[in-house]
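Consider the two complexes below, in which chain A is the common component and chain B and chain C are the respective partners.
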Partner chain A sequence: MAGARLWRHLVGARVRSEWQYRASFFALFTASLLFSLTDFVAVVLVFEQVPSIADWSIAEVAFLYGTGVTAAALADATIGAVESVPDRIRLGTFDRLLVRPAPALLQIVGDDFALRRFGKVLQSAVILGVAIAAVDVEWTVARAAMIPLMIISGTSLFTSIWIVSNSVAFWFTDTREAANSVTYGGSYLSQYPLAVYGRWFRRLFAVAVPISFVNYLPALFVLQRPTDLGFAPWMRFASPLVALLALIVAAQVWALGIRHYRSTGS
Partner chain B sequence: MSCPVIVENLSKLFTVAEKAGRVRRSKREVVAVDGISFEVGKGEIVGYLGPNGAGKSTTIKMLTGILTPTSGRVEVLGLVPVKERKKLARHIGVVFGQRSQLWWDLPLSDSFELLHHVYRTELGRHVSRRDQLVDLLDIGPQMSTPVRQLSLGQRMRGELIAALLHEPELVVLDEPTIGLDVVSKDRVRGFLHDMNNESGTTILLTTHDLGDVERLCERLLIIDEGHVIWDGALEEFRDRHAQVRTVVVDLVPGVDIPELSLARLVRSDGDRCWFEFNRRQATAATVIGELTSKVAIRDLSVDEAKIEDLVRALYEE
Partner chain C sequence: MRLYIEVARKSFRRFATYRGAVLGGVFTNTIFGMIHAYVLLGVHAEREFVNGFDASDAVTFVFGAQALLMVVRAFGWDELGQRLRTGDIASDLQRPADVQAWWIAQFVGMSAFYVIFRGLPPFIGGWLVFDEVSLPGPAALFWFVVTATLAAGLAGAYWFAVNMIAYWIIEVRGVVMAFSLMIMFFGGVIVPLWFLPDALLDAFRLTPWAAMVQLPGEVLIGSRDVAACLRVVGLQLFWLSALVGAGRVLLSTATRRLVVQGG
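So, the complex of A and B:
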């Protein structure tokens, strides 16, 4: 595919650029690795005080953490560069993308690719591996297969959320903080069992931002837990479908945003 | 073939939100471009001028498909820019003088290679075109230098190559000589002139540097407050608006400065005098005739009014 080839070339250029600042790259990579470990340390500290959270054991919470954060980190690594959209619009460099014969989004995620974002993927994948070994589950092919499936769906969901929340900048400038609260906030939410959050908060994030489909619902199936919180049992398998829908919505919102940008300018 | 650029009754309105009171915001409509029409023929170099905020950039954005017009018609190379933006992008080259399209931390050669992928140009053609441009703009020695270490003049030559690699039929240059020193400016202008001569590339040029216009453009398009206030040949513009010409004379030392009936003394410095005359009332020949009949002179020259002054006068009207 021509798009994939162009992406590879742009990413290659980006990596060569980053490589010119090697020391800074390694410092940032290490920092992001350590920093992202702290939120798992927080989870562990909670379990020092209590044996379970909302009836979830530490291994089960680690599984939630591993799947949710891996998906978020993969999305961040591949599409996280869309967070440069508000700045590009404000500085007027977005125009540059529109006079080239390649999709704007492809150019952005290629140009602003950052290798250091993979630090978090590494860290969360390790925790996921440990969690899989530690949880008390009768493994079947279906349960095992659900894990890569939920990571792919989760990554797609976060990708959609990233795109939609940054597209807001097409209508309102200076929205970076608001976008971050949804993108990073969403990824943080997926680290704990939904039951620990308030009811209205759960509802909001089940419908408006479909975080519960990232890992909570499919995890209920993998971990052989009862379907609770008013969800229907079939919803445990709906993540791929929800992810697909989210991607379609995100693509539409992005296209609409570009259309709006072109009618208003910046 | 029809004209590369056709603009008919083109307008662009922006809605600007303004603070009115604490929370309330009032909306105000601003007309950036107000019903302009013009055409650019194949192989023309048109200087597109206007003060800041006159609507130049807005027009260019509508021509390149970045902005959707509010009303009116735009056709560029037979395409409707907004609808066929990516297709159009393959056939036009755009240089935004103040915004780089090069990869900052990488050598120039890498930027050119990436553009080959972005535009999906055929490799053999890309290489020969690149080598030709690198040679013409004499940037070969800097090909492996990271862009951030290039001088502004070198970078601008790089920008030009970047915009021309895919052999565009129409080139839109937004202030291509901004910030350049005299030598670099001259090189860029010479290159554009030759390119237009040899391959008939159509060029639309916006600039605040009237030197660009005098060197390159046969036609001038001036916009102010969203309206086209002049569209015509550079020479005609000069004829129409330049009423005053100046004769500069070096008198033989010791001679008194003469009184002339056709021209007026505006300045003198030692033996050198400046006489101004209105071109509708006199010609350079009659003024020089009167002058030489009255005094002995060593040397003389006739100064044309500078385009810069004329354009400024036009904006102020």
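So, the complex of A and C:
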């Protein structure tokens, strides 16, 4: 409870400070919204040329885009600040967090909170809404309920991916760039049906980094598509469980990293 | 001139010290290139040509674009803007050197480093993974080097001018992001410009952003003859002089009423 209060306090301070540079705030909010929109423009342009990709229609790909990017953007907006960890460790400012009487992760996500990151959430949620209206599906309660469930588990999965990939910095220096490959790369990967990717690439980035559970597998259920690519049908419903496991792993890795942490000594 | 060459050399060496970042960046560029490539191969599985370009062109272009990303700093560059915000720019102004030439030289030195260490490895990675990636012939390679070099200079002039805006609005990140978006889209990074309808394609190919990534990329896949390559060079020189001019106007207006922050 004290944690939640501290978080609200820190976030409030950040929002007020962001609000000081108002023109810049709107520029950044709009730019981040447009930035992620261009990915969808690419989807539209691609479907101008072909009616389907790997047998998926534009509405179905838009559904993948909407669910995948909304989850990634929500994770980015809430936990994304953890990407400052590699720089904090390198610069030695991470020490400062450890001497304060509050969890380090909480301080980081409160300290670097940025309201403008929600531009992306707004944009992808709109696309998701349009996609839900456009897909050809016999809606049932179970299918409809799967959508919020996959957003929640997808957000948790991306949250874990953000934490684990940035925790690598506790053992190796200068890892911020590499972390982008699974955080932003994962978000990008989730926008298209997995069948387009090569087999080993799919195994590495969709299964080992569990992106397939973010949206592809539950989407197979929602969109009434057959389970393919060697996945078992029950996996379509496993996302919440996988997300929970991922969060536990992420918490462990983070705790291990903190314990392993030796200051730069400079 | 020797001074600016030295500035560029020092800048090259400065970026060479961040080895971990380079390694991580190469990995990330390669992964993004592969995702792009797989998606475009998905398109070409359905139809052979898009606007006259085939799967091999598309995949080669994708890795060429990934190679150019850091050279032109498509994701943005705000080093000068931050110095304007903090007031550190004061020490730049005291140097017995032209501020604009100094920063563009710095930028080009950095670009030279990036083309070798961040550009080449993802391209080779793509070539190893995808049969569709074709290595450029000697002529295409020559013109690519020429147009990529001009793209680096052009990007230096571009980002200098964009960063100068910080003089008036202080916090420049939003502006930098917006101008970065222009390169990402009109440069053909998000999707090759030939996916656009013809009328738009012809218009967009004339923009400075296309001159930074899309056109050198087209040169790399060998889709342009000598006359067309020369036209690209001409366009790049035009935008280079226009952007250097714009940067000069902004710089002289700014220095005439300079107030150093925190000063």
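Definition applied: the second predicted complex is superposed on the first by the 260 of 266 C-alpha atoms of A that agree within 3 Å, B and C clash if a C-alpha of one lies under 4 Å from a C-alpha of the other, contacts with A are read in each partner's own complex, and residues count from 1 in each chain.
Just so it is clear, a residue touches a chain if its C-beta (ideal position, glycine included) is under 8 Å from a C-beta of that chain, and two chains touch if they have at least 3 such contacts.
The model shown is predicted, which means the values in this text are computed figures rather than measured ones.
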Item to check | First (chain B), second (chain C), both or neither touched by A:Phe25 | outcome: second
Next on the checklist: Let me test your reading of the model: by the given contact rule, A:Tyr197 touches which partner, first (chain B), second (chain C), both or neither?
Outcome noted: second
Checklist entry - Just chain B (first), just chain C (second), both, or neither: which does A:Leu149 touch? => result neither
Item to check | Touched partner set for A:Gly185, first chain B, second chain C, both or neither | outcome: second
Next on the checklist: Once chain A of both complexes is superposed, is A:Val46 in touch with chain B (first), chain C (second), both, or neither?
Outcome noted: second
Checklist entry - Is A:Thr38 contacted by the first partner chain B, the second partner chain C, both or neither? => result second
Item to check | Touched partner set for A:Ala134, first chain B, second chain C, both or neither | outcome: neither
Checklist entry - So, does A:Leu244 touch the first partner chain B, the second partner chain C, both, or neither? => result neither
Checklist entry - Which chain, chain B or chain C, is in touch with more residues of chain A? => result C
Next on the checklist: Quick check for you: in the superposed arrangement, does A:Val126 touch first (chain B), second (chain C), both or neither?
Outcome noted: neither
Checklist entry - Where on chain A do chain B and chain C both make contact? => result 21
Checklist outcome for this item: Per the touch rule above, chain A residues touching chain C in the complex are 21, 23-28, 30-32, 34-35, 38-39, 41-42, 45-46, 48-54, 172-181, 185, 188-189, 192, 196-198, 201, 205
Next on the checklist: Which residues of chain C touch chain A once you look at their complex with the stated criterion?
Outcome noted: 18-25, 27-28, 31-32, 34-35, 38-43, 45-47, 50, 129, 169-175, 177-178, 181, 184-185, 190-191, 195-197
Checklist entry - Which part of chain A faces chain B closely enough to touch in the complex? => result 2, 5-6, 9-10, 13, 16-17, 20-21, 92-93, 95-96, 98-102, 107, 259, 262-265
Checklist entry - What part of chain B is in contact with chain A in the complex they form? => result 14-15, 58, 61, 64-68, 82, 85-87, 89-90, 92, 94, 96, 99, 101, 103-106, 110, 113-114, 117-120, 146
